[in-house]
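Each of the two complexes below includes subunit A, the first together with subunit B, the second together with subunit C.
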Partner chain A sequence: MPTCRRNSSGIAFILTRLSGDLATSIASPNATQADIETIRKAYGLDRPVITQFFDWVGRALTGDLGNSYFFQTRVSTLIAERMPVTLTLGVTGLLIALCVSIPLGILAAVREGTGFDRTVQMVALLGQAMPSFWLGLLLMITFGLQLGWLPISGTGSWENFVMPGVVLAFSAIPALTRLTRAGMIQAMGSDYIRTARAKGLSRASILLKHALRNAAIPVVAIAAVQLGFMLGGSIVIEQVFALHGVGFLAWESIAKNDFPVVQAVVLVLAVIYVALTMVADLMNAVLDPRLRV
Partner chain B sequence: MSAAATVNAGPKRGWKSLSTWIGAVIVGAAMICAVFAPLLVPHDPFTQDLSKRLLVPFWMEGTDPAHLFGTDQLGRDYLSRLIWGCRISMLIGVTVTIVSGLIGITIGVLGGFFGGRIDDAVLFAITTRLSIPVVLVALAVVGLLGTSMTLLVLTLGLLLWDRFAVVARSTTMQVRNLDFVAAAWCAGCSRLRVLAREVLPNIASHLVVVATLEIALAILLEATLSFLGLGVPPPLPSWGLMIAEAKDYMFFSPWVIVIPGVALFTLVLGINLLGDGLRDLFGARADT
Partner chain C sequence: MSALLEVEQLEVGFGSRTSAVRGTSLTVERGETHCLVGESGCGKSVTALAVMNLLARGGHRRARRLSFQGEDLLGLNDRGMARLRGNAMAMIFQEPMTSLNPAYTVGSQMTEVLRRHKGTSQRVATDRAADLLARVGITAPGLRLGQFPHQLSGGLRQRVMIAMALMCEPQLLIADEPTTALDVTVQAQILRLLAELQRDLGLGMLLITHDLGIVARVATRVSVMYAGEVVESAATAQLFAAPKHPYTQGLLRCVPVPGKQRQDEPLGSIPGTVPRIGPGFEGCAFRERCSFADATCAHAIPRKTASPGHDYLCRLPA
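Right, the complex of A and B next:
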């Protein structure tokens, strides 16, 4: 796991060093050669790239992500300031996705092969093809402008997170619905469900206590991973709805050639993703006693 | 899913299914648009005419019959830009998939075929790739190196090979242990020959299914990057770029973002429908 993280940080680093002379792009266009040299020294850009990289990794391991070229503050402070918005957005998106896809998946599984089931599968297919930024714009026109129900941009209140959350959820709903449906169908065909039926348990108890608990295992794993994807993909939605989260920060920094920030955001998102896959494994162990060794 | 359940579960599969045909028709139409774009466009998609800005499409009042889908904020014919945009989407979707397919299939087949240390390295590469936020890294690369089609294709190609690798690896592992591969070994075939003549043809159908899904993903990602201003360079009419450029006008004339968005949605849906149909047809699995 840690090696995986270091590797992806290496990729981030290499990518951000590919673009010509950094010192020149940081200095103003009419800076003299001497100014550029001063900047190069100040940011340590005169040293070999390999040294710069190991220096950066070494400091990143102790939590020091360096200073932003543009904001003149520590990158870790910048990210910490913007993280709550992104996390709120990601968790809102995941909650909406789970609230929609688990009931849909269960109902589709119970009515397998009926019109309802086919409709659910069709909706999942439509959701997969929907470009998230376009859906965001359409919601803005409909609910923001024409109906006036929700604010179009900003981060002031919970209402600001409704539309972005729905858009973000949309990308996760197809996979989660399919998985719940497949898991429930498999569980409902198994022997212990027949036993539960033979004991005369109620339908709700069989579905929710016996079948769902087994069907939920892969769903939990994928849900955690999906949250990682959502945080990475929120850059688009933060841009559409002008939410000033980490994704927005990264987008601004790319435009300004502010490498330490871009590098750090990629690293932080990769670490969160790795951590989430670990959380998924742990939660699976909690849900499924067979996995406990 | 039990066998009985699949048989009873209504929807027809493969070419008997309506959705596969819908997908095939959409993809076919898109391919015709892509290949014959210069012949099909009613106007030049790059010519600006500021006296004809934001003309409305044919279903609204006061439309100009010469511009079926209206014109954009610079007076360029929207239908022509839409057709040209289809060419760009398809071009990027296919080339990205070729690049990512070459990388992913090579890595996956090597890992699945040789196993052991090589497979560990392959699995490590796949996990590492999965932890990288694709949109962010693609944006960073394009933002720093400048926007160009070649760069965009290479960047996306280098980022999207994971599904190819996963499917190629698992299917190769299955095929490797089958009897006909053992027979080829016994007949004294070289490693290369076993790989190229026995393994690859038998995993090809799975890879075709992955390829269709990857084309759809690449098209969506290209549109997203172009929408964020770091994809296809203007004035090329990418659908994502068309939506980005029209965004300032969407509150007064919503059709400017609806038309390219519907086109994008339809194309991606069509490719996915065709991919699902092919999967059922081949009995392949691409559930990764």
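Right, the complex of A and C next:
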């Protein structure tokens, strides 16, 4: 996992430098060659790329992510300002996804092989195949413009997070539903469920206490990973719904060649992803006593 | 007064083609141990699961009579059956390693039975669970209650299963090969424990096994199953002394008896394997492996009585 973080931030670092002469794009269009050279020197862009990289890594490790060229403020301040929006969006998306996929997965497992089960599987497949920006636009047209139920852009209230949350959830629902269904089918066929039935427990207790607890173990791990994907995937969704989160910031900064911000966003999202994977492992240990030391 | 458990002409099928149990009848009286013996796949476990209505998906049962303490089990819905299971009739299984839920502690799994059926407080249930763990020979029951199944050995887990089955003081205990998965010394301990509990608590027990050594030690009555039918049923002493059905005789020849067995004499065996029986099968299912078989064995066989309480399913005279 640390490798993934190093790689992704390394890739971001290189890509920002492949996208044209940074000093030129920072300078105003009518700057002289001398101005550009001054900028190049001031930002240290005249040094070899490898030196720039290690310099950046070294400062990032001490918490200094540099300054934004465009906003003229510290990158860490910018990200801290925007992060709550992205986190709210990601958590909303995950909650919607769990609220839909776990009951759906349980029902599909209980009715394994029936028309209901097959319909759930089909819908899950469709959900996975649908591009999120397209679904976002469809929702905006229907609920925002035609029905006027929900605002189509902005960050003002909780209503702004409903549609983007649903769109993000859609990408996670298929995997979570199928995982819940598979886990429940496996658990329901196990010896300990036969024991639970032989004990005369209620159907609710058998399903929700004895089977779900075991079926949920892989679901929790994947849900944490999905949240990581959602935070990364919010770059597109925040753009579509004009939510001013970290994804939106990254988008703006890419357009403006504000590379310290782009690098920092990629780094922060990668770190969060790694942290979530670790949280998933810890959650698994809570759910599965066999994993505890 | 009616018997504890009465099963008459029980039939169990899976799908439309295989019939796992074909007209099994047996009776368990209060306070007796009834052993159901036979080789793997003869329908012993399926019979037990059908009585408990715990058949796997796709399994369906039919019977002329299936009653527990005079109450008709066939007429009960799921809720009515759940009220009896774990309460008045309990069951323990062959696989102690996987029969407990890995996610919950021993204590949590034991107490939920009592709380469900008797509505006691957690405190009362925990006390009862600790008492029963001590009763089945587990030392430090307080410690064990807080442990998870994976922290216990197979023998301990089976003891926990037994203690859990006894939580609501059942009248009937169905034990499906409770010692098969355990090593020999532990087997002996578990059997001794079951026999002891059966005697002390006056349990009616239906013990499923393929081990005739166990039968000889604990059974009051034995039913021998073959290919989904009870081919012979008698009091234990009678069955061992005068087996009537060629299959029972064959089974008994397969058991080495120290002192009686000569060194150079090979141990008996029954040639062939259990046939697959579909619907519409006529005659004796054992005829292809039987040295006494003739043409009449392909027709319906009447059940004969050798002596009071001893009946068998064979054309041969008593």
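Going forward, the second predicted complex is superposed on the first by the 287 of 293 C-alpha atoms of A that agree within 3 Å, B and C clash if a C-alpha of one lies under 4 Å from a C-alpha of the other, contacts with A are read in each partner's own complex, and residues count from 1 in each chain.
Keep this in mind: a contact is a pair of C-beta atoms (placed from the backbone, for glycine too) under 8 Å apart; a residue touches a chain by one contact, two chains touch by 3 or more.
Worth saying up front: this structure is predicted, and the values here are computed from it rather than measured.
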| item | value |
| --- | --- |
| Fit-or-clash call for subunit B and subunit C when the two complexes are aligned on subunit A | fit |
| Subunit B or subunit C, by number of subunit A residues touched | B |
| Subunit B versus subunit C as contact partner of A:210, first or second or both or neither | second |
| Which superposed partner A:265 touches (first subunit B, second subunit C, both, neither) | first |
| First (subunit B), second (subunit C), both or neither touched by A:199 | second |
| Touching partner for A:185 - first (subunit B), second (subunit C), both, neither | first |
| Touched partner set for A:273, first subunit B, second subunit C, both or neither | first |
| Distance of closest approach, subunit C and subunit B, by C-alpha atoms in Å | 8 |
| Set of subunit A residues, in rising order, touched by both subunit B and subunit C | 189 |
| Subunit A-touching residues of subunit B, taken from the complex the two chains share | 1-2, 5, 8-11, 124, 127-128, 130-137, 139-141, 143-145, 216, 220, 223-224, 227-228, 230, 240, 243, 247, 250-251, 254, 257-258, 261, 264-266, 268-269, 272-273, 276 |
| Subunit C contact footprint on subunit A (complex, rising order) | 189-192, 194-203, 205, 210, 213-214, 287-290 |
| Touching residues on subunit A, where the partner in the complex is subunit B | 3-5, 7-8, 11-12, 15-16, 18-19, 112-114, 117-118, 125-126, 128-134, 137-138, 140-141, 145, 182, 185-186, 189, 228, 231-233, 235-236, 239, 247, 250-251, 254-255, 257, 262, 265-266, 269-270, 273-274 |
| Contact footprint of subunit A on subunit C as seen in their complex | 52, 54, 56, 78, 81-87, 90-91, 93, 95, 98-105, 112-113, 116-117, 148, 150, 161, 164 |
